[in-house]
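Chain nomenclature is as follows: A, B and C, assigned in order of appearance, with residue numbering initiated at 1 for each chain independently.
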Amino acid sequence: MYGKGILKGLGVTLKRFIDTYLDDISWWMQGKKRYYTTEGVAHRSSKNTRGIFTVQYPEEQLIQPEEFRYIPFLIHDGDDKKDIRCTSCGICAKVCPPQCIWIVRTNDPQTGKPVPQPAEFYIDMDICMNCGFCAEYCPFDAIKMDHDFAIASYERNVYNLEKLLKPASYYAEIRPLNYNKEEEARKAKEAAKAAKASAAATATPAA
Amino acid sequence: MTAPDSTTTIDLVARFPDFVTADARPGFSGFIVKKENLVEVATTLRDEFGFDLLSNVTGVDYLADNKMEVVYHLHRTTGGPGLVIKVQVERVDPVEVPSLIDVWAGADFQEREAWDLMGIKFIGHPDLRRILMWEGFEGHPLRKDYKEAFFEEEVKPFKSRWPDGKHTYAEFKNPFRDNLKFPEGFDPDKYAPQSEDDLYFSLERSSMKKEEGDLNTDHIVVNMGPHHPSTHGVLRVAVELDGETITSLKPVMGYLHRNHDKIGERNTYLQIIPYTDRLDYFNSMANNFGYVTTVEKLMNIPVAERAEYIRVIMAELSRVQNHLIFIGMLINDLGSMYTPSLYAFEERELILDIFEAVSGARMMCNYFRFGGVVRDIPEDAMQKIKDLVFDRLQAKTDEMERFLNENEVLVARLQGVHVLNAEEAIHHSVTGPVLRAAGVPYDLRRADPYSVYDRFDFDVAVRYNGDMYDNYLIRFDEIRQSLRILEQALKQIPEGPINSQKPQYQVRVPAGEAYGRIESPKGELGFYVVSNGKPNPYRYHVRAPSFVNLTAVETMCKGVKIADFVALLAMLDIVMGEVDR
Amino acid sequence: MEENKYEGLNLPNYNIPEDIQNVVSITTLDRLYNWGRRWSVWPLMFGLACCAIEMIAAQTARYDMARFGMEVMRPTPRQADMMLVSGTVTKKMLPSIIRLYNQMPEPKYVVAMGACASSGGPFKEGYNVVAGIDKFLPVDVYIPGCPPTPQALIAGMIKLQEKIDKQSIKKVRWYEKGKVDSNYVPMPILGPDLIDVRRNAEYKEAAAKKEGVA
């Protein structure tokens, strides 16, 4: 029959249309909220999703995986922005493919020798290609990729140190697994260092 | 796998002792042919030795030796390793090399590109115009002595970034406060831009037979694009029409030419990886794959076993979503706005979720590293891949087929509209699904296996009619085969480290050359890298399947109706990021 | 949503009796104009590069820009309100982009989506890349990202809506007195390099001083 193929196709469309309401009803029967809940969004991103597929940003948001990366930020420990992890070693600036990181190293005013602290740190967000190399190759876990993507603005974006710094607690919040792994590694390292130091301390008087 | 892939069996020097020598530079391979005899050698290679597919043509500028080299990579569509021939000429203007367009029509655009970017004149090429830049542009940018307006240093990293990196815009370093430079004594008021007559004259104006009493008609030239809703990005096509029938056409490209090669030669080897993401932006995983395979060949390093499987999984997932989008977009081009492409995008979103979970980004994954991958697949993402592969994608592909395959309108539009036959396709260096739909079972995963593809049981999808409907159906076949590979890979994937190397931001690459190629969803994606032992490649060239496949578009479209042209273009599945690079 | 006060047509602080709320509205002309604008920003169906794919994705089922009145992608500039510059602007493409912009009727907005459109992005150093569309067109919103995810794009669109809310008919650039010409950008010419005809004198001067010559 001519037109059978079209009807078949229309059947698929109809099924998709009905699926939405079937799911709506089954969620309602189970007493669960399908919209505006994390559970609902998770279901709509799973293999079982059928019918409606829309995640209504900004009212609801897709669940971001831990590894999601948008733009880089710098981490400081503690509450004020003084204890910066960055030592201005420059690896991020060297590895950056579009070369959008600028770092001014601090010099000790008396000796003129470099101090492990950046004096200025710029990232041109309008050049940054979100590749994540800076975070990947930073030996001090000082630069990480952010999850915040709602950063549209009315002018060009060059971030300075002030704008780049975010507390370590924020990092722990967006990337808990990585944060815990890094903290453990750091503690292990410090413990090893302390053990070495105490071993050296006990060894010296004997010598 | 890591051995140089040429000169394995054929002794070309014995055949042509007078004008062929083996390339003896350490790390290099292939044969150097005298330019006077190039056409003869090429014809022999094609007719006697069976190298029917010209994969890649590119130039290398050896400034220090005052030489220019043209490199040809040849392959057989029956499979097996390839052959490299080279022509070396003095670097004096004009640099002249005979054109091979009569031996392999696939040389057409690639030679034009070499002329445009390197300034190598191919004698005998009938239409040697600039292809990526515009006529009238000053200079040949890929020559080693060409410097851009924003030129800062020969290689990255730039010294101005650290340790005294005060932020400045690149504009402030240029006298024009912009990305511009002009020849000496240039007067903009007196400048008359070059007309595009050359383009229009290149269209074959077929003379119209007129008989007594005929209506006075004429052919018209229509420009489609670069802003056109269905040319898949910023492609422009100048079409000559007789009524509604196409008599001649020329694609005009370069509207997205982002200087990938030039920037690549300044980057370190590692820094190129995220740039390759932006070639074929539907398949960043496949691009990564091709590039790292090539550099691994040069570095001669093994790849971690688990990483090989992860690579295959990612590449195949990316093929599935690419073909789904192809189907959606094809139907879009045929005039059915939206519904099928919306369905296709749904599955794509789910696959992109996986990419996001493993690599951090939806489209620009930047996931592969030399020797392995960045990180292992997180557990929840692994579960998601299994869910999709075993439970969902198969059913959704079936649904898509049910939805569209028998649709009478679709069948009427697609069936019997000839795309390419096997000879035409091979002659024009067309690869990928279009070649396979013409009945040539040429799939690099089988023909020249890379990675661990030789461990999987799958069929090379082939169809024989070479019409649009076959081209459309073969995409479904390939999705099915990809799912088969995925199922096996997910079952076989071993535990273990995900990188054979230590993470390092500066890799050591010994001097030499390598041409690596993989089967990207669009065709043969090749990378040609020449290293001189420094942290940056000396020459970096991408053999983009979309670009080379476009060579055949003129043959494909002559004599068809203009309405079919849009669909025919969709068949090639071009992505402008890859065409223009 | 309650927190979005601008969304409504009514001026705040005017209490309209409940039974006639559906028929009566007290508002200003600006507010009426902006209310109409913000919910019907039709984008030009116009993609340049990778960002265009994310723009398409934002139009599809999962993100569904139709919720913002932005689903009607117009292939012709004559019917579009917003140019979403989605991708790398090359010198070769620029004349076409300027022509499209000139053909758009007012009110017209330009959104620079992604790093490339904002400043040239990772390809900035290239010889064929324009270092930001804002050198030629007045950009309303910049969206960083490479490419911005569809959600980031929608966040940028909301930013544009907020901008529209604050506009006044008297002051928008296309109705302001003496500034009518700012909607027309002269076409650049493709010469030995891109020639911005507004800056010819500058080029000549530099050529005379032998600055920046090839």
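Couple of notes before you dig in:
Following the convention adopted for this analysis, contacts are C-beta pairs under 8 Å (C-beta built on N, C-alpha and C of every residue); 3 or more make two chains touch, one makes a residue touch a chain.
Predicted model only: the values in this text are computed from it and were never measured.
When C-beta pairs in contact are tallied for every pair of chains, the largest tally goes to B-C. Among the other chains, B has the CA centre that is most remote from the centre of chain C. Centre-to-centre separation between chain A and chain B, using Cα means, comes to 32 Å.
Chain A and chain C have CA centres that are 29 Å apart. Residue positions 61-62, 119-120, 122-124, 146, 149 of chain C each touch two or more of the other chains. For chain A, the set of residues that touch two or more other chains comprises 53, 97, 124, 129-130.
Residues of chain B in contact with two or more other chains: 274-275, 346, 349, 364.
On the chain C side of its complex with chain B, the touching residues are 45-50, 52-54, 56-57, 60-62, 75, 87-88, 90, 92-93, 96, 100, 119-120, 122-131, 135, 146-147, 149, 189-197, 199-200, 202-204, 206-207, 210-214.
Of all residues in chain A, those touching chain C in their complex are 53-59, 61-62, 70-71, 97-98, 124-130, 149-157.
Chain B meets chain C in the complex at residues 132-134, 136-139, 141, 146, 148-152, 169-171, 174-176, 178-189, 191, 193, 226-229, 233-234, 254-259, 262-263, 266, 274-275, 278, 281-282, 341-342, 345-346, 348-349, 362-364, 576-577. Only residues 156-158, 160-167, 267-268, 270-275, 277, 339, 343, 346, 349-350, 353, 356-361, 364, 366, 374-375, 378, 380-381, 384, 387-388, 391-392, 399, 402-411, 503, 505 of chain B touch chain A when the two sit together in their complex. Across the complex, chain A is touched by residues 1, 61-64, 67, 115, 118-124, 132, 134, 140-146, 148-152, 154-156, 158-159, 163 of chain C.
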